[in-house]
Each structure stands twice: as structure tokens, then as C-alpha cells.
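First comes the structure, then the notes that go with it.
Order as written gives the chain letters A, B and C; numbering starts at 1 within each chain.
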Amino acid sequence: MSDAGRDRFLPHLMRIAAAREETPDVRTVRLEFAEPEVASGLQWRAGQFAHFSAFGAGESVLTIANPPSRPGHIECTFRDMGKVTSALASLSVGQTVGFRGPYGNGFPIDEWRGRDLVFVGGGIGMAAVAAPLRLVLDRRGDFGEVLVLNGARTVADLVYKEEMKEWEKVERVRIVRAVDPGGETRAWDGEVGLLPDVFESLRLEPDGRIVVICGPPIMLHFMLIALDRLGFPPERVVTTLENKMKCGVGQCGRCNVGRFFVCRDGPVVTAAQLASLPADL
Amino acid sequence: MIRMSSPNEFAQEKGRPVKGEGWRLSEEEYERLQDPRSVGLDVRSEGWRVGEEEWREWLGTLLRSGSRLVAPVEEDGLSLFRAVSSAAEVSLRGYGNTRWSPKEFLFPATEALFSYRLLGDEVELGAPPADGGEQVLFGLRPCDAAGLARLDEIFLEDGEDPSYAARRDRTAIVSLACDTARPECFCTAVGGSPAGTEGSDLQLLPLDGAWLLRALTPKGAQLVPASAAGWTPASAADWRRAEELRLAVEESIERDPLSPEWAPVLEGAFAQPLWEELGQRCVGCGVCAYVCPSCSCFDVKDEGDAFCGARCRLWDSCTLPQFTRHASGHDPRPTRPSRYRQRVLHKFAYFPLQHGGRLMCVGCGRCVRLCPVGIDIRESVERAFSAGASGEGRP
Amino acid sequence: MVQLAESKEPRPRVPEKGWEPRIVALVCNWCTYAGADMAGTARRTYAPNVRIIRLLCTGRLDPLFVVKAFQQGADGVLASGCHPGDCHYVQGNLLARRRFTVFSTLMDFLGLDRRRLQFAWVSASEGVKWARVVDEMTQAVREAGPLATWAAPAATAPSPPLLDPGAEPRQAPSREESGRITAQLQETAANLLAEGKVSVVAGYASGSLPGQMVPAFVTAPEEASRLAWNERCANNLTVYLPELLRKKGTGKVGLVVKSCDARALLGLMRESQLDRADVVLLGVPCTGVWDGGRLALKCYGCSEEVSPLADLTITPEGARQGPLASARERVAVSDPRDAEIAALESLPPEARWDYWQRQFARCLRCYACKAVCPLCYCATCIAEKHRPQWIPAAFDGAGNTAWNIARAMHLAGRCVGCDECARVCPADIRLDLLNRRLALEIESRFGYRADADPSAPPPLTTFRPDDPDEFA
């Protein structure tokens, strides 16, 4: 369904069909459109985002975590951090939220065909890489080997714990999970270390690999340094940017960085593009 | 209380009289004029000479036709654009420019986007109140009209904003060319003119004690009343006089150009330590953005209570501390100089680079006049360009 | 103007048939709430028009609670707590007493009918009194009529004309004299920097508009020649102190100050925002600030040519240690702002309300007033807080009024009257009159002035047992 002529700020109503508390402060919700024709008409690309409304609190920009290969609903994962995410975290199954989107450029997944892929997700950043990762797993034959590197501060902060077990069962998919030093439990059988260090320890060759990263700014910073040092070409390192946003279409000015609007020209950028942007990100 | 200086202050500072006094353009010089900012040699036949009575009567006609009429009025000593209920309320006496721009009539400071009602598990959304009806914005200085043209680019190109588009469709703009300049004016430095036509449907050009009215667009032509049949057509002498006054005012502005071609250099000057100095005295208010005719940043907030409310669009400014602060506390622009830099670069570098070389600033000078700490954006641009061009401090 | 959902439709000022006053009562848990309970158990009959909101103590009462009640549709607000001396928390109500006195003054000055805002002492055993207080308040508000919603457009009634402040009591210094002070200032600043006694001097330099003087920061002796002093040096540079002190490194911060500016330092010291020893005040002789060719109103009644806080006083002859008693006699004139306040207070409340609403309707929420105020140093201002959103974000009558009330109350007893807020307001809102009205109230009621010794606590954080008590 085209949104032409519709007030671009008017959200579609969605009902919370299911909710899962991934960690004490991270929640995944599965949303269904109140109007079925919206559900069937919605088209989006992995990596695009939407404005999710908790009416009365406001809107929050969140990645659409399910790829178009899993249509009919919308899933998003968020951390209870601010006014709106806090309100979203307190809503119950059956209550109504708003959806406005999709916005942004999405991942250029077609360019990844036949290549080996690495997905690096730090903390809540895992939600942003989940969309392209799930699409890749749904179209397994089109892509090479898949490595998923997922890190968090502590074991309790890891997300998608159950789904990862399913991912591991898919052929030529390897999952490496890591927690920061001090974040491990006695039963922890994964890696211990900061993600950039864990990544280096895997001794991957660039080999035409695409590396998709999302995580906190500091993790991104050090990952990019590591990738550069290991010889991964910046055009094949992809990340998705986070920024304060309000409109989603490049008008409100909030996500303007240089000539770039994160909402409209991003949020997916290569490391090469990132290097050309001014530092106020 | 802001006290505005008089144009005489400026003239005295410069040590010579404003050109208009006693100076005349000869017929020959006029014919030879190739200036692109000229009032329009080829539309000489489309103008009328009108006096105050005639334009007030015309405004009265517009009001009676049901249009909202927005014009400068005097309120508590300030000159502001307000919707008037009679032509008599319009005050052009001593009119330099209004305290802030008329952009609120296209881009309201607060606008309800939709209403919502929270009913248990359900939510009901409602359309915003209709803001219908034709409106005429009268008496804008050419800089303000050009500023509104920038808003048109922002809100209408690359996907239309429906409420802005609807309002813009119903709006006609009558500009009033300037017969004097203030020390803070710099329209000429950014490609504008005191008689610039950009963004206007009709224009009044000052003559001595009268005005030359001309239509610039079909929309403007439609607004000319039937009674114009009784108006005096503008003579060649009138056109020449309008030209003289334009030249006189332009010359009195006397600022070096701030070129859109500087944009890549300014962009490259992002990391210059100079910005710390340029932004050092900024106190982080929003005056510059709010009085500016082309600043368009906005916030979206839900205003209401536990039962109902409205999602509103509100003016915002990149200079305010919360603009880019994330809920996590991370702020890409944590200091006032970094926010000031964003404003300057957005106006003079990023926007031109995204919009085919058009500067976002129109030189109205309000930010220069009204900044509580006297920051002059012209000076910032010039110095940043110099620093960028000399390559100092570039990594 | 924002039109929200139907519950916020503007209501007419003339009561419709069947209208009943809606009164919100903010009551303390221990005394008044119990007293109201007792009225119930004693089966007292009294007006049902009051909605009770329970606070633990009237000391918790924030002016924004009252503002919000009015903006949500209350026609009157009643606050009530334990009698002085009986507070469950010992002193909460004694603080509330002071704060409510000041807040009532502000609301009356803004033109809110006094009948609509009441304070009472009702103890746990005074069920009868509670019933009586409610009945009286309901009747008073009924007579006052419904309160027009604060989201309504501002009245179009013309503002009372600004009073002519009268002949200027002083003249601006001659260029020659300003020039001599400038020379001494430059030399002093250069010396202080060269000797490492300060790492920065904040002063004034020429701006780009004719005659304009703007803040300037000089960190090297050779830059000191940028500094100048004349009658156009309006900015209060103490607003830069917190940031300069954070960045200063090991040196002190030198600051050029007029006496009005320097008073803000006392407030900052009182509130532990800086160490006096880190600041070197360079006092300059000031006969007033001329803005747009006219003497600023604050200067008429000023009797201090040089700040008494100065560490160094810059004279045309040289720099002297310490403040300098001026040999020049200052012509004592009354403060023209007081005449304007008196003129406003002589108007009926509705006219005053229209006067202020007309100005608040122009408020751009640019927060220039906050940005230039040296005492507005909160890392996050109440206006920026959104959990909850105390000050409506909408730029309408309600939101703007709430902001201006919050600003005035947060500065009550702290504002030093430098009038920078009023000078920079692009909408020409008479913030100076709001500030001064409250300063005068606090001085007359509590004997406190903002230029008092820094060891004196801020007036709204303390109390005296014999504070004025006009409450029921």
C-alpha cells in the first residue's frame, strides 16, 4: 500500500501479538497490523527502520528486525533506555502501538551473493544485524559461509539466546559468542574478551568477505580499526548508524551529518562512506 | 528589550551618505544596465504606480474576499507579522524588518499532526484541525521571500510534506523591496538583492512616497484587483527610480560575497580548531534559528495526558543542547562550539552541496542583530573559509 | 495555536448554566489528608467540588503542580498542610509557607485572581475546618467564575503603554575617558596573563555592528589589546564562569565586571558552584549601559559605580587593588521598573492577565533568557526534562506561561537583577519586571537580598519561625 498523499506522520496502528524479554532491559516484540491490507502491502528491505509509537510518550526509531522473507508481521528489539522505549517496554500483549515506515536505505544484500559473510553484533546492535542475517539464512543457498560474532557485556545481556541455537543448526553457519572480561558465569562456554579482540583471534582472511557490524560507538570504533589493520577493504565493511531522528525523511534536520541524512541516505553505510563523513556522529 | 539601531547609525559609521540622497541614474546608464539583479527591464509594462491609499484598499479587497491577510503590525513596539482583520492595522511606518521571519505562516511553531485517544488496549487517531483558507503574506522583505523559497525546497522537494504543501498552495506572497539597509543586512553577499524577486508573487518597489506594484507570477497576477484598471501604469521614470533605489541600497550594504563555491572548503574545515574560538561565546539558545526565515529543523512530541493528546511538530534548533543527545547520554555534538559549527556549515556548506549550490542563508541579518552575544555568522564563514583554504590544521 | 483533543476545548469565561467550580487540593498526607478523612467520618456535609491530590508534605509542593492543575482545567487550587510547628517532617511546611508566599505574589502579579489560589493549615483533627475551608474556597471560585483555559489565544487588548523612565540621571563617559580605562584594562589584563596569575581574561571587544561590544576571551598577553570598555558593554560575563573554570587548567579566571554582573558571583558562591579564589574580578567604573541610544532601566537606580567585589579596580589612572569607593556622586533616582510594577498592580487582575498573556504568546521558547542567566546553570533544565514533561513543549499560551512561571520561580530569591534576560529576549517580554517583583517581595517579606553575603542561604531553602503567615 502506497503512502502517497497520506500524512506522512500518521502511523499505522499495530497490536502487540507477542513479547519476549531478552534480557532484563531488552525486549523483542512481535507486532501485527490492525489493518490487514497494510500487512499484505508493506514492502521493506532488511536494514530499514521504522518509527514505533507509544502514543502519549512519542516515537522511537528501531530497526525492523524481521526481513521481508518473514512477512506478515513486524518484529523489533529494543532496550529500555528513554521515554519512549520505556513506555514500549511497559505495554502488554494486546495493546496498540504505532508504526511509521519503512525508512532508510537497507543493506545491499544482492551484492553479497556467493560471498562469505561475517555478522558482528555488539549488545543491542545484534538486533540490527539480525534482519540481514535472517534473510541470508532464509536464502541460504545464495551465500557462502556465515560467521556470527555476538558480544555483550555479560551473559545476561546476550540477546536472541534461543534463536541462536536454531541458527547454529543451519549448514555452514558458525556462531561465536563472547562476553566482556568479568561478564562470564561459571557455566559460560563461549569466548571472553572484547569483540574486536575476539574477532582478531579468529584469524579471518579478508577473502572477499563482507563484514556487517552493529554495536555501541566504541565497539564500532575499535572494530573498524581492527578490520582495517587486518586488510578488510572498507567498501566491504558495512555498518548501520544510529542517530537521533524525528521525521525519517530528511527534513527535521536532526540526523544531518555533513551532506548526509542518516535517515534518508543511510542508516546503512560502508566503512568507506563513514570515513568521508564529519565526526559529529 | 531589544533596541534596534537606526539606519543613520550605519551611515555615520561609514562616513558617507546613503546613495539615494540626490543621486540620480541617467536614462543612458539605465538603458545600459546589465545587472542581473536589476528590477526587470523587460517587465516595465506590467507595473502600476500606487499610493498608500490604493494598496490599503487592495488589501481590504483581499480581506473581504475571505483571504487571511498577514502583514507587519506594530505590537508593543515590535514589528511583527500578524494576521490582520483590517488593512488599517498594517504598519509600514519605520518598517525595517520584522523581529522574526514570517515562516510561522507556512511552518507553524507548533502544529498538531494528529490527535490520539487512549482507550484501554485501543488507540484512536484523529485528523488535525483543518487550517484552511487562502492567505496572502504581505510586506515581506525580499530576503524573507527568498528564505521561504528555501523552506519550499526543504519541505516540497524530495517528497512533499503534505501539511506544508497544502498551506503553501494557498499562500501568495507580496514582497516589499527595501529602501534602506541596516548594518546587519547582507542579502547581496549571498546572491540576493533588496529588490530580489525570488519567492514573491507580487512586489512593491518603493518610489518616493509611492510604490511600483508588479506581478511576478500568474498567482500574483490573479490577486491584482479589478480596480487596478483605475491605477496609474508605472512610467519609464518610475522604473528608473526603482532601479536607482535598488542600486543605492545594494551599494550601502557593501559586504564581500559569501560564495556557495566555498562550500567544499568549509566542509573540509570541519576539524579546524578555529571553531572553538568562533563558537566560544555562544550561550546555546535558539534565537538564531527561530528568527531565521530558512531554518527548518523541528522536533516531534506527543503532548497530552494519560487519556488523549496530539502529536505535535515543534520548531527546534541545532544549537540547543538536546538536539542530538541520545537517550543513552551519548551526544555527537556535546559542546556549544560543535553545535554552532553545525549551524554555520549546514547553512553555508551542506545545504548548498545537497541543493545544487544554493546557499541556505538569505542574508536577512536577524541572527547577527539578535544574537545575545553578538556572534556574526558572516564573520564565522569568512574566517572558516580562510582557515580551510589555507589548509591549516587539516589532518 | 495547538488544538488538542476535545477535552482541551477553550472554555468560555462567562459561566454556562450548571457550571460547577473544579478545585484541585494539594494536601499533605499527615495532617490535612487525615483532617479531610475526619470530615468524612464525622459525616460533615460540604461542597463536593474538590479533587484531592495527596503529597507527603506541603514542602513537596512545586509551583508546577499548581500550574499543571490550572492548565488541566482546574478553576482553583488549594494547598493545605500541617500547622507551622507541627510538620511531620519538622520543617517542610515552614519552607512551603515561604515558597507559597512568593508563588502567590507571582500569580497575582500575572493577573490570576487571588481567590483561585489559596493556602490553609488544617490539622488531622480539624475536620470541621477542612469542610469550612472547602466551602469557602468553592464559593469564592464560584464567584470568580470559570477560569478561561490557558491554551486560549492571548487577548487582543492593548498593553498598557510603557512608562517613560524619565530623564537619564547620568551621561555616558566620554570617548576619551573610556579610552583611558580601556588602555589600563588592556595593560592590566596583559600583565595578569604574562605573570601567569590568570589563564584567561573574559572581557569585551568590538562586535561587528556599529558600536556593538561583545564578550571576548583573551588567553595571551598580546591579545589583550582586543579588550575594551565603554558604555555598550552590556553582557554579564559571569555566565561564562562555570565553563571557563572547568577549562582553566591551573590558572585563575579573570573577569571584567560591572557591579550588577558581579553580584551573580555571590549567588554562584552561595550555591557552591565555584571557588571565589579561582576568580579575579576586574571591576570597571560603570555609569550605565546604553542600549540603542537609551540608558538601560536597571541603571537608573544603581548606586554602585564599581563592584564592591572587585579584586582589582580599573580606573583611568591605573589598576588599584580591591574595590574603590567612587568619588563621584551618584544621583539617586528611583528605579523606573518599580513605577512600571506599580502601574501594573494598579490594574484589575484581568487586565494584568491580558498584559502578560499577550507577551507570553510571543514567547519563542528560544531560552535565550536561560542561556544568558548566570544562575541558570542546571545541566538539564526543567524545560528540557521530558520524563515527565512538566513544561508543555507546545509554543502556545499554556506552554509559554508554564515556562515563564517556572523560570521566574526558579530564579526567585536568586536573581540579581542584571536584566540580561530582558535585554536578549527577542520577543521583548518584560522578564525584568517579573524578576524584580519577586525580588522586592522577598526583600520586604524576608529581609533578604540576592547581593547578600554568600553565607546567607538562599531564601527559599530556609525559613524563620516568624515568617509572614497570612494563610487560613
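Heads up, the rule we're going with is that contacts are C-beta pairs under 8 Å (C-beta built on N, C-alpha and C of every residue); 3 or more make two chains touch, one makes a residue touch a chain.
Predicted, not measured: the structure shown is a model, and the values here were computed from it.
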{"item": "Far-end chain from chain C, centres as C-alpha averages", "value": "A"}
{"item": "Best-connected chain pair, where connection means C-beta pairs in contact", "value": "B-C"}
{"item": "Intercentroid distance (Cα basis), chain B paired with chain A, Å", "value": "41"}
{"item": "Gap in Å, rounded to a whole number, between the CA centres of chain C and chain A", "value": "47"}
{"item": "Approximate Å spacing (C-alpha centroids) for the pair chain B, chain C", "value": "33"}
{"item": "Contacts with 2+ other chains: residues of chain B", "value": "116, 299, 301, 304-305, 309"}
{"item": "Residues of chain A touching at least two other chains", "value": "82-83"}
{"item": "Contacts with 2+ other chains: residues of chain C", "value": "386"}
{"item": "Interfacial residue positions of chain C with respect to chain B in the complex", "value": "1-7, 72, 159, 162, 207-217, 235, 239-240, 291-294, 358-359, 362, 364-368, 370-372, 384, 386, 389, 392-396, 399, 420, 422-428, 430"}
{"item": "Residue ranges of chain B touching chain C (in the complex, touch as defined)", "value": "1-5, 9-10, 12-13, 75-78, 80, 99-100, 109-112, 115-117, 126, 128-129, 183-184, 280-281, 283-287, 290-291, 299, 301, 303-305, 307-310, 312, 314-315, 317, 320-322, 368-370, 372-376, 378-379"}
{"item": "Touching residues on chain A, where the partner in the complex is chain B", "value": "5-11, 13, 15, 53, 55-59, 81-83, 85, 94-96, 98, 217, 242-244, 246-247, 249-254, 256-259, 264, 278-281"}
{"item": "Complex contact set, residues of chain B against chain A", "value": "113-114, 116, 118, 121-123, 125, 127, 154-155, 158-159, 161-163, 267, 270-271, 296-302, 304-306, 309, 311, 313, 316, 318, 323-328, 330, 332-333, 338, 342, 345-346, 350, 353-354"}
